[in-house]
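When the chains are written out, they are named A, B, C and D in that same order, and each has its own residue count from 1.
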Amino acid sequence: MLLFFAGTLLPLVFRDPRRETVASFVPAAVSSLLTVALSAWVLLSGSVLRLSSPVVQALPWMSLSFFVDGTSAFFMLIIGLVSTSVSVYSLGYTGYYAGKHGIRTLGSLLNLFVLSMVLVTATNNAFSFLLFWELMSLASFLLVVYEHEKESNLRAGIIYLVMTHIGTAFITAAFLMLYSQTGSLSFDSFRSAAGQLAPYTKDLVFVLALVGFGTKAGLVPMHVWLPRAHPSAPSNVSALMSGVMLKVGIYGLVRVTLDFVVPNSPGDAWLGLLMVVAGSSSALIGVLYASVEHDIKRALAYHSVENIGIIVLGLGLSVVFMSFGLEALAALALLASMYHSLNHAVFKGLLFMGAGSVVMGTGTADMNQMGGLSKRMPWTSLFFLVGSIAIAGLPPLNGFVSEWLTMQALLSSYQVPNVVLQLSIGFASIAFALTVGLAVATFVKLFGITFLARPRSKAAEEAAEAPRAMLVGMTLAGSLCVVLGVLPFVATSAVASAFGFDMGLVSSYTPFGPLTVGYAANGLRSVSSLSMPTVLVLIGSAGAALLGFAAVASSGRKTLTRRYTTWEGAFGALDERTEYTATSLSQPLRTVFKSFFRPHTSVDREYFSESNHLVKKSVTVTSESREVFEDQFYSPSLHAFVAVLDRVRRIQTGKVNSYLLYIMIVTIALMVLVVVQP
Amino acid sequence: MQVPLPTLLTLTAVALLLSTFGVVVRRGFAGWLSAYRYQSVILAGSAAVIAYETGFWEIYVAAVLTLVVKAVIIPRLLVRVTESVRDEFKIEANPFVSIRLSLLISALLVALSYGLIRETLSSASLGVFAVAYLPVSLSLFFIGLFVMVSRRMALNQVVGLLVIENGLFLFTTALTQGVSLIIEVGILADILVGVMISALLLLRMSQTFDSFDIASLENLKDD
Amino acid sequence: MRSNLLALLTSGGVPPDWSTLLLTILLTPAVAVGLVTLTRTRRYAEAVTVASVLLVVVQTLALVAGVILDGQFSALGGFLYLDAFGALILIPIAAVGFVAALYSVSYMGLQFERGVVDDKHIARYYQGFNSFVLTMLLVPLANNMGLMWVAIEATTLVSVFLIMLYTNQGAIEAAWKYLMVATVGLSLALFGIVLFSYSNTSISPAVASSGSGLDWTSMAADARLLDPGIVKIAFVFVLVGLGTKAGLAPMHTWLPDAHGEAPTPVSALLSGVLLNCAIYGVLRFYIIAQGALGVALPSELMVILGLLSMGVAAASIYFQKDMKRMLAFSSVEHMGIVSLAVGFGGFVGLFAGLLHIINHAVAKPLMFFASGTVSQRYETKVMKEIKGVIKTMPITGAFMLVGGLAVAGMPPFNIFLSEFLVTTSGFGGGQFFAASLMILLLVVVFAGFLRHLVPMIFGSAKGPGISVAADVRSGGHEELLAVLPMAVLVTLVVLLGFYLPQPLQTLIRDAVQVFGQGAPAR
Amino acid sequence: MTGTLEVVVVGAMQLVAVFALAPLLTGIMRKVKARTQKRIGASVLQPYYELSKLWAKDEVVSDHASWIFRSTPWIVAIATITAALFIPVFVPFSPFTSAGDVLLVIGLLALARFFTMLAGIDTGSAFGGIGTSREMMMSSLIEPGLFLTIFVVSLTLGGTDLTSLVGAAAAKFGVVIAPSMLFGLIAFFIIILAETGRLPFDNPATHLELTMVHEAMVLEYSGRSLALIEWSQAAKQLILLGLLANLFLPLGMPTSSAAGLLPLGLGSLAALAKVVLLSAIVAYAETRVAKWRVFRVADLLTVAIASAMVGMIFFYLQ
């Protein structure tokens, strides 16, 4: 067992200067496989790993101790799966950086990043948790500013690290509140004291943890760094970051809600409600921004905000159910959200890898320059299609299953006795449904504009297919999507054993057994179920029936297909300028939700000669939607804070007299204070 | 003639306060120097009185030392340093606080130190010297500090510093009848070296800024 | 390395006579000063300085080993005295002194090459350097508080002398302000010290007669008997006085100018070590005040001053333009953290505070050396004109990044360990408001630091207004002697992040015991 | 009657019936519309002739289009067929209940819509672009409406499993006229209009780029693929109308699936009659209203969402 653990650590940190690309990523792949093996073993055997090495003898409760139980094993599984495919993918991807930057630094930082994530999920002590937590953000910060020539990357990096640091400050406050109750920093003591926390501290700890981990996971008010940091990182890193790092944030949230702040009284329901509201609003806002974005990586980053919102929605529901003692429903909601986090890690990783190879091929991330790549990069477009279908939650693949579970959880919220909760969860389900609808629309745009129709720029024309290693990486992730979609029992059993619900609760986990959700209200009993394998069989049979019918119907005449140019309404040859671009495609959406985006379009005309304004040389219309959160919430508060700082700064006046005056005032003030003090 | 001790002590205390007010009033550098020299002489006198009363021989040595260092060496040092600088820089043109106001403030400070001492240490059983000299030394400290704060010329700040040092010396001799001699010598050495270094600085300052005005010393700040 | 040394010494059978070591450790730098004044050649002065400081390091290790073994001992009839707390302060003086000596060889060498400094300056520099080390060594060893005051006053005078080395306007202004503010502060401190000794002598006539009124040991012994009225006023005077030297908030104004203008090795010593000596003085009297007045009042004062200095430092760092001034303000912030830690009290708080002194003494000089080399290379201290350090000087760039993140409090490094402990003690001690305010201020400092550090280290060095002087001297673009000290410090910074060597832990625990000695029977 | 063999047989039978009758339904709709506009209109069987004609014609495919364009018709057809297997249009129970429920059907329809939108972009012409962008906006609003109606229905009739839903609707007639169900009905009716591309949302008849949404996406198709798309479009219409009929107007439906052959036959006839009646109503509604501006359509869909919400509130607050 320890061997396993050392196995994951050793190769991760190893970096070999000479044969860079291979040497740094092969150990990464091997070690992530080991992580997968370790977590699978823990999940199956349900046993617990424990290891601890104290840092300071004098303070026993402060040690680097590790504890791998079901929950951490489940998240380790996610990390392992995605990092295996990403490290295989980055074997090919580093070619893109061959000339400009040292591959060695990229390789070692990536290893460090994955290592710190694995360790975060394994720690058992608040101090070591924070240590690895910030190590993770430090490694990802260095990766974000990897291409540090571009000024925008630097700013994104700074915002990212400062935001995560604020998040860590909240988490530290939460842990130390627990420390003040229990007197020790180890998670075991937190767990043992979970029961008898005073209600006041319990709420405070919960809110602090929600804000802290929310910043890392990218919940709405604190999501500002996400759309900036992910696109500026190299693609294989942003695949890891949005696929897995956000999940570590969720891991923290799960750890706090389930272990330390166990919701056991109706009073805690409002905590769950807070999560539901935060989740659904961040889902809605994330997808709204994603649907209008024309930079492919920013769109995917915004989309991560949306999926995280769904996961937190599921968590919130489980907290609400738990606080009313509805164990079965709580397990269902938790299953839905954990399953969704597993799915999201897989298909978001796949999509970012796809985006990476597209960016590598065309050299730009702006979708308006792309188009027609499916002909030149057939494999990448296939994988991207698989990813889009999965993320949009369409039937055959895994996205649909987790969304089905979340919907069932939402639908069964009627059993919550409190009416206010029922209604608010109902309204949250509207936001959720709107998100699902918009997600389909976003990915039509994302996939359609990038891969279909005619190439819109020179670069898109000569885009070359991604190197073989990248494709292998993507096949790994793609096949995972399909497997998780078709055989949901694989994931459900993993989640069940991870979170320790007893098997019978949700459904019988036979390989082909359907996922069933019971319904019993005002006298009507029904069991709605979904068994993907049979659905697949049906689709296959329908297809066969159709082909048979087509063959029979056209027995006589053999129809042939001719290729001819698209019908262009008799305007003469179409060139790519008349094509729909990403921005135009999302224009109806923008007008419908204009109160949210408040797009301001600026039209500037260029004239041949200043005298007559009638003959226009060119009219360019630029319209971009402003970041609502940026203007209303962040910049004003930032300016106010900076203004305060500015005033404090003034005391360094530079004159000796004023310095001496300060000393005089302080002496007299303190003397008066001391004399007055009893 | 056997002058009763308490009146003698109050007499020297009053003389000390008068000399400090002299420092506050004078505008020109020469004026300050003479006031300072006068103050150091009285200080040495009072130290001698304490030594006579308590019979510790170390205090005599300390008194003589202060007399030599503070009354003779330091003033000559300052005069030699400031010879090269033109006269008008040695006059305090317009201090932050007008002379009259600064007089009032120093009186206030004296009252403050007396009040403070009575308020805090009334309970402690103070020796006869402490009763007389403690508030004086504290007021010396505050007035010295006030002089440094309110004056615009660098020279004045040195003089303010020296007034504070005098207050210090009085404080130590009055309270504990003189700490062990080595420490006394150490303190005096520190003061001497301090004044030498500030003289060096003044010299260097007059070469670069060719004026002692503090205004030129303000570019190191957070604009 | 320390533990085997320990074994070596004790294995000698006869317990070595520690007190003679106390004397020799003071003599070495004194001899060095003499030697340096005699010679005029630069090479010889450098060699002497490095040798003497190396000797000091060895002796310090021996002394520390002694303290761990025998508790405390004294020499010259109780005049010199060393206990765990003093030894703890001794370590950074020796360690940073040695590293600074190494660094100044290359730094002053480069300055000499560039004609910024001539031969006379170099000689004066090394004189000042050695006497600076001497005076700083004297502070923790002095049992007699008067002697300690004289030592601190001497450190001020010597450091003013060192700041005055460059004859440009900024140096003079900084030196003048430093001298004025520090001397006023110290005279105030002397008021306090004498009051303390007065209260000590007025209680027990035996002490008065033996003339040991000023000895700390006697004060600590009957701390509980002292008259609270006098001790209150005395502690305020000492706190404000020595606080000025330590750079606590309202009295910190001289610090950015002095540390900004001094030559880099000196400002490293100033920031890394001198502030420790001043805080050492404050804490010595904190123990006695704690004994006499109970913990409430003194800790409240320390918490107020701590938060004040962190607030002021956080504000100024955010807007700073000059690299060294930013580091100076960050020293103010870290001293605030130490006083906060002591204010929070309890075993954890004191342990964290003392650990933070060590951590800060290791991390801050690293940053000063890195910024020194960079500002030498870019010939400017203004941060806007420095970009792409990681490109032009990879090793120093990496060290600067590690140091910068460490000083800003980024977890994997040592500063975070002690800061985290301080906040834990804050929450443990129930001071929720102060601790959460501290966390907020830490975040502001972190943001401010990052705002300046990242554009400097990354970014492209070719931008407008950025002139990178080709290195004048040897082909290698980074002087070995400059990089070596930094490498030593970086390993310490990273290592101390999660592993505290055993001897260090026992030393800190004994030091905390010393604090306990003064505490009233709770 | 519910052994796995019978389930498959009934399912297959229902599938054949759905696909056979679908074109008839569109024929009837066009007939009713023509009649109300006082013109004779083509015969009811006209759609059948069109389909068979298209089936035989050659296909023209644009050279920019990728494999997605050519495979979309097949995917859309398969998706609709699978959806048809689950919906109890004529038979009072959904044949493959154990495999899926209403949400799965919505997912399958969404899959079909997803691929049609992609095909629209693939041709690279501006028309396809218009169709897809409008469809994107509309579908993203239809989804919440659909989900909320199901939410209301599942609250009142219990769960999302179709058989139990239909059974409950048929059994307890009283439940159906509950206020929440009425609001659900209004919302569902509007959603069907939008989903099948009826008038207020999209004019199926014209090729004018101003008004067409669904047509624009399939503009480029011809020959067999156009036939397939038209056919699955009609089948979708029939499925949705059947769902509306069974859930909200369970008049002639036999209460449980175990009833004998005769009631089942009767029930399916009644269902057929209802579906025909509904399509007539829809056609009639179409003639009454003109095409709304594309962005005002969003308001109509919000009306649907609002009514579903009110239905939910009624259910909870009762």
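Following the convention adopted for this analysis, a residue touches a chain if its C-beta (ideal position, glycine included) is under 8 Å from a C-beta of that chain, and two chains touch if they have at least 3 such contacts.
Keep in mind that what you see is a predicted model, and the values were worked out from it rather than measured.
*Asks:* Using the touch rule stated at the top, which two chains are linked by the largest number of C-beta contacts?
*Replies:* A-D
*Asks:* Find the geometric centre of each of subunit A and subunit B from their Cα atoms only, then give the gap between the two centres in Å, rounded to an integer.
*Replies:* Distance between chain centres, rounded to whole Å: 70 Å.
*Asks:* How big is the gap, in whole Å, between where the Cα atoms of subunit B centre and where those of subunit D centre?
*Replies:* 101
*Asks:* Rounded to a whole Å, what is the gap between the Cα centroids of subunit C and subunit D?
*Replies:* Here the centre of subunit D sits 79 Å away from the centre of subunit C.
*Asks:* Using CA atom averages as chain centres, what separation in Å is found between subunit B and subunit C?
*Replies:* Once rounded, the distance between the two centres reads 32 Å.
*Asks:* Residues of subunit B that contact two or more other chains, please.
*Replies:* Counting only residues that touch two or more other chains, subunit B contributes 116, 120, 145, 148, 157, 217-220, 222.
*Asks:* Could you tell me which residues belong to subunit C and also touch two or more other chains?
*Replies:* Expected reply: 176-177, 180, 184, 188, 232-233, 256, 316, 319.
*Asks:* When you check subunit A against every other chain, which residues touch at least two of them?
*Replies:* Only 649, 652, 656, 660, 663, 671, 675 qualify.
*Asks:* Which pairs of chains touch one another in this structure?
*Replies:* Pairwise, the chains that meet the contact rule are A-B, A-C, A-D, B-C.
*Asks:* Can you name the residues of subunit B that touch subunit A in the complex?
*Replies:* It is residues 96, 112, 116, 119-120, 142, 145-146, 148-152, 157, 214, 217-222 of subunit B that touch subunit A.
*Asks:* Any idea which subunit A residues touch subunit D in the complex?
*Replies:* These residues of subunit A touch subunit D: 291, 371-372, 374-375, 381, 385, 389, 392-396, 400, 404, 407-408, 410-411, 414, 419, 422-423, 426-427, 429-430, 432-434, 436-438, 440-441, 443-445, 447-449, 451-454, 514, 517, 519-522, 524-531, 534-535, 538-539, 542-543, 545-546, 550, 553-554, 557, 559-569, 574, 576, 578-580, 584-589, 591-592.
*Asks:* Flag every residue of subunit C that touches subunit A in the complex, lowest number first.
*Replies:* Touch residues, subunit C against subunit A: 176-177, 180-181, 184-185, 188, 232-233, 235-237, 239-240, 244, 250-251, 253-254, 256, 297, 301, 311-312, 314-316, 318-319, 347-348, 351, 390, 405, 410-412, 416-417, 420-421, 423-424, 426-428, 430, 432, 435-436, 439-440, 442-444, 446-447, 450-451, 454-455, 458-460, 497-500, 502, 505, 508-509.
*Asks:* Enumerate the contact residues on subunit B facing subunit C in the complex.
*Replies:* For subunit B paired with subunit C, touching residues are 116, 120-121, 123-125, 130, 138, 141, 145, 148, 154, 157, 161, 164-165, 167-168, 171-172, 175-176, 179-180, 182-183, 186-187, 189-190, 193-194, 197-198, 200-201, 204-205, 208-209, 217-220, 222.
*Asks:* Would you pull the subunit A residues touching subunit B in the complex into a rising list?
*Replies:* For subunit A paired with subunit B, touching residues are 649-650, 652-657, 660-661, 663-664, 668, 671, 675.
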